[in-house]
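A, B and C are the chain letters, set down in written order, and residue numbers restart from 1 in every chain.
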Amino acid sequence: MTIIDKTAGVPAPRGSEDAPGVPLLEVRDLHVEFHTRDGVAKAVNGVNYSVNAGETLAVLGESGSGKSVSAQAIMGILDMPPGRIPQGEILFRGEDMLKMSGEERRRIRGRKIAMIFQDALSSLNPVLSVGYQLGEMFRVHQGMSKKDAKAKAIELMERVRIPAARERVGDYPHQFSGGMRQRIMIAMALALEPDLIIADEPTTALDVTVQAQVMDLLAELQREFNMGLILITHDLGVVADVADKIAVMYAGRIVETAPVHEIYKRPAHPYTKGLLQSIPRLDQKGQELFAIQGLPPNLLRIPSGCAFNPRCTAAQDICRTEVPALQQVTEQDGTDLPGRGSACHFWKETLHG
Amino acid sequence: MGRYVARRLLQMIPVFLGTTLLIFLMVYALPGDPIRALWGEKAADPVALAALRHKYGLDLPMWHQYWNYLVKLAHLDFGTTYSDRPVSQAMGIAFPVTIRLTAVAFTIELVLGIGLGLFAGMRAGRAADTIVLIFTLVVISVPVFVLAFILRQVFSTQGLNWVTPTVQNSYDVTQLLLPAFVLASASLAYVARLTRTTVAENLRADYLRTAVAKGLPRRRVIGVHLLRNSLIPVVTFLGTDLGALMGGAIITEGIFNIQGVGLLLFQGLQRREGATVVGVATVLVLVYLATSLIVDLLYAVLDPRIRYA
Amino acid sequence: MPDTITAADAPGAPTPPVEATGGIPVKAEKPRSLWSDAWYDLRRNPIFVISGVLILIILTVAVAPGLFTGTSPRDGDLVHHFLSNPKLTHFFKDDWFGYDNQGRSVYARTVFGARASVIVGVLTTLLSTVVGGLVGMLAGYFGGWIDAVLSRLVDVFFGIPFLLGSLVVLNAFSERSPLIVSLSLAFLGWTQTARVMRGSVISVKQADYVHAAQALGAGTPRILFRHILPNAVAPVIVVSTISLGAYISAEATLSFLGIGLQDPTVSWGIDIDSATAVIRNDPHVLFFPAIALSITVLAFIMLGDAVRDALDPKLR
């Protein structure tokens, strides 16, 4: 099921090669599994989402929900011997990347679709200078000379507001603070002005004030370059500011989709509801904190029916036998709520109380 | 960085003094009378015994002997043997031979070790890797002297007869190949394993994932990003191994009849010539200390995280 | 694969998962420590099994050579010299490996040779592990000038090439029993253990549970032996196991050079040394002790490897 959402004020898609109405990135029925010694882990089980230029999709979920794995599948950086994509399509500007050759995908990587990782300290090469790693993008993809690449690297560092960029271009990753390292990662991702950026928990390793700065920077750069942004996170607070639409994932499937503000006001899935309830709030001070009971499922043995059923307070028999499809969510009177879907047999009860 | 070097040099001084003292004590303080042994089975003339003892300074207290030794060392005088030949002369002939042998062995260890390790590390967990692991394990386990004889049998006397069984002319590198390979064997195996392990580990590192995500060609991902990180522990090991190779050449030199310092030391031991033993050992210690300092500095150069620690 | 396998069965999770409402029973899991995890992995590692079996055999041969042969390794009858070739089908008989140039059964000598090797190997390892471990632990835990002094001491002993040093020390003794040889090897060998232990203790020392124990007022011996030691000992065990193999090899090397064990002790190194003179016509005299020696060293090194793989948290 394709979800195309209209958000107010989205600029026209970049590049004249775009056919109108074709999303920048579209993931259709993606399945990813890992063959391990102990069995087959089904990390992604039928994921559908799409992103347009200038739009931000937030993918939410706990560890083990499959959000990072689907992102890595889009980038094409999964270890393919244990990993396998048994079915699905990943369409970039309408072309299925899974059908492309390794070399074609490599040329897209970094240049058209870039990724920002969570831990910038381990994700940057510790023995190469920051300038070298930034300049590498230009030297490899555009054949620039070392001198020009270095100048571009300084430019990039200034763009992401790293002070004294010219002096620090020869420094190493460990010499920067966490927030600045993350900016360097962002700079590296932006270097060739890609069409789409995937940010995998970019602020999880940072403290709160730095988080805000980095997210602001990301949003500003996204607007400037009119990029699509997939923001992967487990932090509902971060999402509210930046995202246009949200997809909530659980056990490798999308369980709810909605435009960002709607989901906070009126969740349509028990899992989303539980997540929202577990956010500590000042006006609940002194009361017991709520947490969803249980733990995420073992991906080697996903529960039958709805994967959430062991932890769901509203689970009925049908939940244990039938996997709910992602259905269109409507108002009580039946009018479609655009961009909203829920994979729950009882979404009506959850939504309308 | 300069402070780091200065600190290390300062640390080296007590270690050098301590090690030379230890060697000195080991040679002179342990039981056994070398002067008496010069007479062999015959009865010794006590007057002559005392005179000789005095001549070689062996009647002085231990600390005095050690002091004399240090003073002479500062003048690069390693004393004389009991046949009044300067030890430094004998060493001057023997050391270049050992150095040649060690140089060939080191080259073999470096090239084959890293090559094999890279090959295995890239195929970690697969059949090729297991084969390399088993092979290196066997090479490490078979003692050097056993390996020497086996290889010699195969390649020389009763086998293919590609090389001479002993080294006639140590300037001829082809004659040194077999003993150098034997000498390098255990270290080669260790280098291969070490390389394999760091390569396999770094292949799974986050920064490598980033390099792939940047769309860099595989050649560059492996050749620049992977190797720069993986080779750090390997290079530092190779540095320390250089000194170890020289010290361990005794057996290889003995079996292949190479007139190097190992043989010199062995003969010195048998004749209970303290000066020779201490002389050779001192130079080997110096080599070890120098290489270990160089290795520490090299490590700081290769890994920027260490430089500022 | 960061997101895939979930926390439900993470090692070190001591409590069973909460039972969800809906009545689906969840099996409680036993607590898994580093050691029980390691044992679990070890049992499944073919290298461990093979080396374990080999070592058991070798130990049995060392402890009870009489089970394997009734012949004395020292009595040689020169009559055998003319029929000295091995009869490879005469399993466990005197002539299975042939006879050496003094008419002694190579098989009997190989069997009895195991004892010397095992004794020297075990003794040296014990000595160097205890001494080195203690020095390393003290240097690593206390730091400061204690570390400076002890580390310099380690450097001094470490600076002497191992074989060379052992040669010099052993050369001074005219009577070289297995104990003397072990002491001589341990004299330089302890430095290896000391360095490994020191490094390990330094990294363990930073852990929060050590800070917690200190904050709770635990005395130093208690912290050292109850908290630091069990967690720092893993790499030392690996190094010691591998060193055992190396010491057996070293003993054989020294005996080969004539500076190790002596007659009447039966040692593979001595046998190999005397066999080199007759290698042209009677290669079997060298071959069998050499094989026995190599397999023994191999077994211990394999064991050390398997233990290292099992204890290495990075490979999980």
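Note that in this section a residue touches a chain if its C-beta (ideal position, glycine included) is under 8 Å from a C-beta of that chain, and two chains touch if they have at least 3 such contacts.
On a predicted model such as this, the values are computed, not experimentally measured, just so you know.
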item	value
Count of contact steps on the shortest path from subunit B to subunit C	1
By mean Cα position, the chain sitting nearest the middle	C
Chain whose Cα centroid lies at the greatest distance from that of subunit C	A
Separation of subunit B from subunit C, taking each centre as the mean of its C-alpha atoms, in whole Å	23
Centroid distance [mean C-alpha coordinates] between subunit B and subunit A, Å	54
Distance between chain centroids, defined by C-alpha means - subunit A, subunit C (Å)	51
Interface residues, subunit C side, partner subunit B - complex	152-153, 155-157, 159-165, 167-169, 171-174, 245, 249, 252-253, 256-257, 259, 272, 276, 279-280, 283, 286, 290, 293-295, 297-298, 301-302, 305, 314
Residue ranges of subunit A in contact with subunit B within the complex	75, 77, 106-111, 114-115, 117, 119, 122-129, 136-137, 140-141, 172, 174-175, 185, 188
Interface residues, subunit B side, partner subunit C - complex	11, 14-16, 18-19, 22-23, 26-27, 30-32, 137-138, 140-146, 149-150, 153, 157-158, 201, 243-244, 246-248, 250-251, 254, 265-266, 269, 272, 277, 281, 284-285, 288-289
Interface residues, subunit B side, partner subunit A - complex	205-207, 209-217, 220, 224-225, 228-229, 232, 302-305, 308
